[in-house]
Each structure stands twice: as structure tokens, then as C-alpha cells.
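My questions will all concern the structure given below.
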Amino acid sequence: MKKIINDPNQVVQDMVAGMVSGFTKTIKQIPETTVIVRTDAPIKRKVGLVSGGGSGHEPAHAGYIGKGMLDAAVVGEVFTSPTPDQILKAIKAVDGGAGVFLVIKNYTGDVLNFEMAAELAEAEGIQVEKVIVNDDVAVEDSSFTTGRRGIAGTVLVHKIAGAMAESGASLAEVKRVAEKTVQNVRSIGMALSPCTLPAAGEPSFELEEREMEIGIGIHGEPGIERKQLVSADDIAVELTNRLLADFDFSGDVAVMINGMGATPEMELYIVNQKVQTILAEKDINVYQTFVGEYMTALEMAGCSVTLLGLDDELKMLLETASDAPAFRV
Amino acid sequence: MKLTVNNSIQWFLKANEKMQENKEYLTLLDKKIGDSDHGINMARGFQEVANKLPTQDYASVSDVLKDVAMTLMSKVGGAAGPLYGTIFLKMSTAVKGTDPVDYQTFTNGLEEGLVGVKQRGKADVGEKTLVDVWAPVVDFFKQGVDFQADQLVETAENAMDNTKDIQASKGRAAYFKEKSIGHIDPGSTSSFYIFEALAEVIREGE
Amino acid sequence: MKKIINDPNQVVQDMVAGMVSGFTKTIKQIPETTVIVRTDAPIKRKVGLVSGGGSGHEPAHAGYIGKGMLDAAVVGEVFTSPTPDQILKAIKAVDGGAGVFLVIKNYTGDVLNFEMAAELAEAEGIQVEKVIVNDDVAVEDSSFTTGRRGIAGTVLVHKIAGAMAESGASLAEVKRVAEKTVQNVRSIGMALSPCTLPAAGEPSFELEEREMEIGIGIHGEPGIERKQLVSADDIAVELTNRLLADFDFSGDVAVMINGMGATPEMELYIVNQKVQTILAEKDINVYQTFVGEYMTALEMAGCSVTLLGLDDELKMLLETASDAPAFRV
Amino acid sequence: MKLTVNNSIQWFLKANEKMQENKEYLTLLDKKIGDSDHGINMARGFQEVANKLPTQDYASVSDVLKDVAMTLMSKVGGAAGPLYGTIFLKMSTAVKGTDPVDYQTFTNGLEEGLVGVKQRGKADVGEKTLVDVWAPVVDFFKQGVDFQADQLVETAENAMDNTKDIQASKGRAAYFKEKSIGHIDPGSTSSFYIFEALAEVIREGE
């Protein structure tokens, strides 16, 4: 394992310190926590927006803190949901009286910890609402299991809910647009090579030299299929077709080509080229495109494709200004 | 069998030793059908418990269990944190008022813990989670007062081993679908260590 | 070699197509070239700003096109300077009558090709000025050799020259602030693992499992020293001290912690934490901080640290608005 | 020796074959003391030259050389592109007006190319660049009219081999400082192929 770190058990503490260091005008760390908050929080009468999850997905989630997006991010251990006490601190720090909205990715750990935090906050008289993002079409949409994972589409939920909250909308309104976004967003990922948790010291899975995995999650969880590595165009076709098969995207869409960590931007653009071509062929109009690293899995090589169906309201919210360093509009 | 404050502290200190010793093994199990962090998470949480318990003055077993619950809840994270937190919190409530905790009360506490974790995790027996160890252990306790520590270990161990044949339908292992079969559930294994530690404490008291 | 590409010999064409695809409101490709230009170019009476170089350094350089930064980027083959004919096309496309300014990184290939293009443009009556960025302190500053390389500091030159040009300043004024920036900026990089050119198919150098290289260039060119991998803090100390030994940074500085391609953002923040601490100890005031991928070397793992000494003029130019997707202010 | 339009086209077609055959080798040399692209660059540029030359109608060797120069300049990139571009452009100018090109004019052309590339690259003999092959070859041509193709190959080959012992002070190899010693210069090697191709053309004309 080759990493630029100090103590493998201290990476999260060190990272959070380094996230705030040099950025004290805009964000602050709640002392003795791994919660990062806008310096101007809580904002009176604005719905507070809190997200978070395990770390190792940077810039998610702290990079999305800023006017027009998140008010706080709760940073868990690597690939491990943060705990209810930390989440509760974030909720309290951003509650400006209009309630707090939680964006949760659909993993057992995240759901349990955020739900417990929400219960604790409600017990203290804070109004809390939430949305659970489950955009990953690689997982069967079953009510008997945990269901679909939340992956890169989460970033678009942050953006849209954040814009709505910034406009002064009520908690119910924020929830409504967040849920609409979740209903309209689909993603799927793939990987060429694994990632290594600092404290584990070894790659969390193996892939052969000419092998790739379609449908992989952002913690290296298995996908749909392992198979021979194919061309960028063929990868783009497979991923895009799986999204189109799952949801009716006729109309306007936003496209996000997300790098998993180690993939050169060059390769993301090559994928983007083909995705755009496919959508054009199907008369799907691309309203906005995002290419870059938005939701990573440490140094995993690979990418994901996200499509979000847009109506006029979502378009408007997607375009509103955002100060978040990782999603500046 | 009676559980004193001191017994209960010993229980978690021993459990911690096992988590530390088996940190890599638990992580390896989680690598197979999860995200390679269960050992790291449990070792971190139980270390905190072990650091804390000896420094406090506890009036009751219930208080010990509550502190264990809160510490695990705030230090483990992931799925295991709230699940174990819930178990020991429910247990703490259930045994409140009896000290030392007698067999019946303790059994009741275990059962409340099981009910709580099933609710929290929306999981039932047969889904390849720690419920698959807790449920048979609760049954075992309910069978009678006069048991040997070895039988407890055996029950928990068999239950753990049996998770190997189950296809996961809850937690991260569910993503592996049929490929989850053939691997022992990491959470069931950490639960086994907890009962192994309990058996050792009971044995010492015998 | 595992890459998400189609034909290894077509990666640049495919990438450029994918850079423009989905972004046609803001940028366009000059047909049959690998030149990318602002859609609103040429802008009357504004100095046109052109940069470029080999590809594989994304988001450099096309990510820096936008109002307040570059007008055009010329994309060469992977790690290979673009050719004079392409550069000339860029110059012509952005000349709004106030002349064109070239930001060149100090590599023999880049200097030769850009100089030839400048000569050709001047022959066609376009006023051209240039700056050669050489911020890499890992290379000896010798007049007998090629001299220092241009690395991540180049991005700050884009920003500052771009802001000046956007303000309506003359070609001479743009050149003056660009030169001031070059005089005040120093960088140094390090790597944990190599990168692979698509057409070469094999890593361009090797590093042992516990080895790192200090002072490496953005094409994997050798640095100062190969040695045992040490902690993030020790790496930060070594890099920062080399910068401080080379230039007097007392006063205000901008800090850039740049990822080389495969390094998780987590690790960049850990390095940032220590760099900020060192600077604080030396009473150097950090005016602004940048952490992310700004100038990469395909999927090389590693990072670089850049310091830029700031006076009031540079501060102001650094803070002015920029629309460039990879450097939005 | 006289160089016709056809001879000169053959020269570059043969040179292209060598660039294609040795693409990996040139890249490997550049991996040792550069950035692993020299073979890729030269193969791309000469392939374009080889694609173009047979499709055009050239009135003079000068025109052939000019087209070679412009094609290399716009297709090779990196350091080698403008350097080889400059060489053949200068040569084109120098041989203009004599067709076929006689020995004296050709020698003069080579020398003009050398002067041009030294200026362009600000490099002199002994800096471990292609100048270290071109300079001795120009000297060789200046020595006399009556030479054998084999001697040309030998001269260029020795010159190329000699770059091994030089410490680079120009181009990317200069970053390797003393570690550049012991490796042959990639640009000198591609220049050797150009002269080897020239020798073959001369041999065919003998």
C-alpha cells in the first residue's frame, strides 16, 4: 500500500484538519468532531442541509459545503458511516429555526446512523426531514433487501435541495424537490482496479489485468458482472443503455461522468463523448453536463455515468449559484 | 449465574481483546462480502469501551451496558455501530433495577436486545446478519438455568458457522447476492466473540 | 495497461471531442484541429490568452478556458507539445486586435513550437508576447541547460494573466503581471507510482513498493532523489522547505496542493494540513489555498506543492471572477 | 552522387519504414532519459510524410524537402518536430534551383540544416542531442565527393553510439544530469535511421 498519509488510523482526523486549514473564511470544524460547517451557519429561517457518510469519497461530502448547497458535512471513518452523535452535532449547528434536511445515501449504516440522529434531534425539538438517495441501477430494486445504493447522483440531490433551501423554501418544499430528484436520477459505475483502505492496508478486491467490473459500488462492492475490459465506447454504451432501460429519460437531462479516483480526466472525456452521442441518437436533449471527480472511491480506477431527468423547476435549481468549491456555479 | 458490575466490565474487556486479536480476520471476512472495515470498526469501538469502563464508577450493570451502548454507537459507525448500540441499550433498559443481574433478567435483556436489533435493522433470522447468532443464543438462554459455558460457546459458534450457507438479504453483503453464499457473516463473527467472552466470564464465576 | 480508451493513437482526438461535447455553450473546437476556444472569441480589444502543451495534464489546459482566464488551449499529443500550425490557429482565433499572449511551460518542445507559432503569427501581423513558466525548483536553475520546468504554478499564471487581460489591459500589462507571477512562484512535486502513455502501453518509469521520488516532473521526468516512502508530514516538510530555501516568501502567499492524477483528495488534504502548519510557524501568511487536481500526469500517484508570493496587485487578480470550469472564482 | 525527386522520395519512404520498425525501440530509449514518446512522435510524423509524398507531383527536390519539413513540423510535435522541421526546411532552401541535387549542393544543404537546428535548439556539439549525429555527418560529406554508402552509415552509427558517453545538457534528458550518461540519445538514433535510409538510396544509385 502506497499512500501519502501519517497514521492509517488517523487519516480522517488529519484530512478534516487539512480541509479546514486554509479555508477558514468559509468553513469550520466543530471542535472535537469530524463535522464541517459553513462559517455562517446557522442561517436564520433557512432550512439547514446536512449530508455525510464514510470518507474516501472526496470531494463528497465536504466539498459540497457552501452557499447554495450543503450547510454541513459529517465525515465518517473511511467507508464507514458517521455516528449519530456526530450527525446530531451537525444538525444542531445548522438549525436556523426552519428545520434541517438530511441527504442520506442508501446504505444500511448511513440510514441507521442518520435515522438515529434524526430521532435524537427531534427529541430536542428540531424539525428534521430526510431523503434517501438510491440511484445505483446496478442493484436490484427490491423491497426484501437493502435496495439500491446511493452513488454519484447524490451530488445532484445536494445541488437541487441546496438551491431550494437557499431560496428560503420550507422544509417540506426542500423535501419535495429532493424526492423529485431522487425519483428522476439513475447512475451506474464500473471499475478497472480496486482501492485500499488505509487501515486495511490491502486492496479490498482484485481484478485481473484485462478485467473490469460493471456496476461496482463506491466502496468496491460488487456489481453486475466481471468481464473482459472493452473500449471506452463499448463501456459508455453498456452503462448508458442500462440507465435508459431503467427509466424513461425522454426530454431534457443532466449528464454526469464521474471519475472514481485514479482515472485520468482524459478518459472521462472520452466516455463523455460517446455518452453524448448515444443520447443525441435517442433524441434525448442534454441540458447540462458535468465531467470530473464528484464521488470517488479512494484510488479506485473507473467511472460512473449519471442521468437526471429535468423539468423546468429542476433546471432552474441546477443552475442557481453555488459557492461550494467542488460544485461552483 | 449472576452478573455483577465487575463481571460485566470483564465481559467487555475480554470481548475487546478478541476484537483486537481478530481485527484483521473480521476485516478479511468483510472484504469477502462487504467493504473491508468490520474489524477496523469493531476494534476501534471496543478499544474505546475498554479504555473507558475501568475509569468509571458504575452503580449497576445497567449503567455499564448503557455506557457500552453509547460508546459503541459513537465510535463504531457503519451498520455495526447503531446495531450493537441498540442491542446494549435495550439490554441496559431491560436489566435496570436488578443488581447483580440474575439469569432470568439477563435472558430477558438478551431477548430485548434481539428484538431491538431486528427492529432497527429490519432484519429477521436467515438474512445472514448478526441476528442469526443472537436469535439462537437467546433461544439457548431461554431453554434453562442450568447450562455450561461451553454450550453457550458451541451454540454461538454453530450459529456463526451456519451463516456461511445463507444468501444475504440485508446489509452490504446483499449486493453479493448468491455470491454471498460460502462466506461467514462478519457481524455474526464479532457477535460470536462477544458470547465467547461472556462464556469466559461465566466460567470464571462457576 | 488498463485504460478507458478506444484506440491508443486516437486518445487526443477522442478526448477533445468529449471536452467540447456537452459544453457547446462555452467552448468550441476549431474544426480539424485540437484547439479549443471560447465561443465568444475573438473578443474585440481584449488581449487573447493562449496556453497549451502536451495532453495528459488535464484539467490543464482546456479546463482553464473561460471568461477571466484562457481564450484558447492547444492540445498536443500525450506529453508532446502541440505543433506550430495548431498554435497559430489558436492565436488567430483569439486575436481581437489587442494582441495575443502565450503562456508557455519551459520544455524544449513547448518553447520551440510556441516560438515558431509566434513568428508565424507576427509574420501575419498579429502582435504576440509570451511568458515562459519555470517554477519547478527540483531542476537546477542553469543557463547552460534547458533550465527549470514549468509545472503546477502555470495555472496561477493563467489565472493572473487572464484576469489582467479580462480587465482590458494592454499586451504589455498582461506580460508584466505574468512575468511578476513567474518570478514569485515556485513548485515541487513527488510521486509514488508512475504513469503510462496510452500509445506506449507501459509505465514510463518504475518505483519500488516502498519508494517515492522527490522532485519528479509532470511527465515522470526524474527529480532530485528516490528514497524510502515517508509520512505525509515528512513529505510536506521536505517539499515546503525546498520551496522556502529557493525564494523569500515572507509576506502573503497563495498555496496550491496539486494532485498528480491518482492520488485521493484525502491525501492532498493531509499534506495541506502540514504545509499550512509549517507556513504558520514561519509567520508566512496564507492568503489563499487551492487543493485539488490542477496539473496532472495521467494516472501518476503523487502531489506537488506550489507557493506564490503575493503583492496587492496579484491578490486582486487572483480573486477576480473566472468562469473556467477547473478554476471557477 | 546525384539526388533526384524520386531519390529523395525514396529516402523518406525508407526512413519511415525504419521509424515504424523501431518505434518501440526509440520510445524505450526516450523512456530511459525522457518521456517515452520519441518513437511515437517520429512514427506518427514519418507515416504522414510517407502517406503524402507519393500522392504529390513534385517539381524539385527542394519541394519534396519543404513538404517533408512542413509535415514533420505539424505532425511530430515535442522537441523533435520543430527541430527536424527546421533541418529539412533549411535544406530545402539551400538546394533550391539545382535539380537533380549534386553532391556539393546536397552537402551544403546538410550543413545549412545543421546550422539551423543548432540555432533553433540553442544546442552545440557535445550536449547529447541529434546535433551530435548531424555534425559528424556534415563533416564526413565535406571531406570528399568519392564516398561509399557504408562509410556514411558507419559515421552516423559511431556518432549515435558516442552519445552514450555524453551527459545531456539540452532537452528533457538534461533533467537526468549524470544519470543520462550510459544511454544513447533517442533523437540521435532517429537521425541515424535517416542517414541509414539515405545510404540505402545512394547505394541503389551506385
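Letters are used for the chains, namely A, B, C and D, taken in the order the chains are written, and counting of residues starts over at 1 for each.
Heads up, the rule we're going with is that contacts are C-beta pairs under 8 Å (C-beta built on N, C-alpha and C of every residue); 3 or more make two chains touch, one makes a residue touch a chain.
Everything numeric here is computed off the predicted structure, so don't read it as measured data.
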Connectivity without subunit C (remaining chains kept where they are): A, B | D
item: Centre-to-centre distance between subunit D and subunit C (centres being mean Cα positions), rounded to whole Å; value: 32
item: Separation of subunit B from subunit C, taking each centre as the mean of its C-alpha atoms, in whole Å; value: 54
item: Euclidean distance of C-alpha centroids - subunit B vs subunit D, Å; value: 76
item: Subunit A and subunit C, separation of their C-alpha mean positions in angstrom; value: 28
item: In subunit B, residues with contacts to at least two other chains; value: none
item: Shared interface positions of subunit A, touching two or more other chains; value: none
item: Topology of the chain contact graph, where touching chains are joined (line, ring, star, complete, other); value: line
item: Contacting chain pairs - touch in the sense defined above; value: A-B, A-C, C-D
item: Subunit C residues touching subunit A - in the complex, by the definition given at the top; value: 2-6, 11, 14-19, 21-23, 55-56, 58-59, 63, 192-193, 209-210, 212, 229, 231-233, 235, 255, 261-274, 276-277, 286, 288-289, 291, 293, 296, 298-299, 301-303, 328
item: Residues of subunit D that touch subunit C when the two form their complex; value: 27, 31, 34-37, 40-41, 44, 73-83, 85, 120-121, 169-172, 174-177, 179
item: Residues of subunit C that touch subunit D when the two form their complex; value: 9, 54, 76-86, 107-109, 112-113, 116, 139-140, 144-146, 149, 197, 199-200, 202, 204-205, 217, 219-222
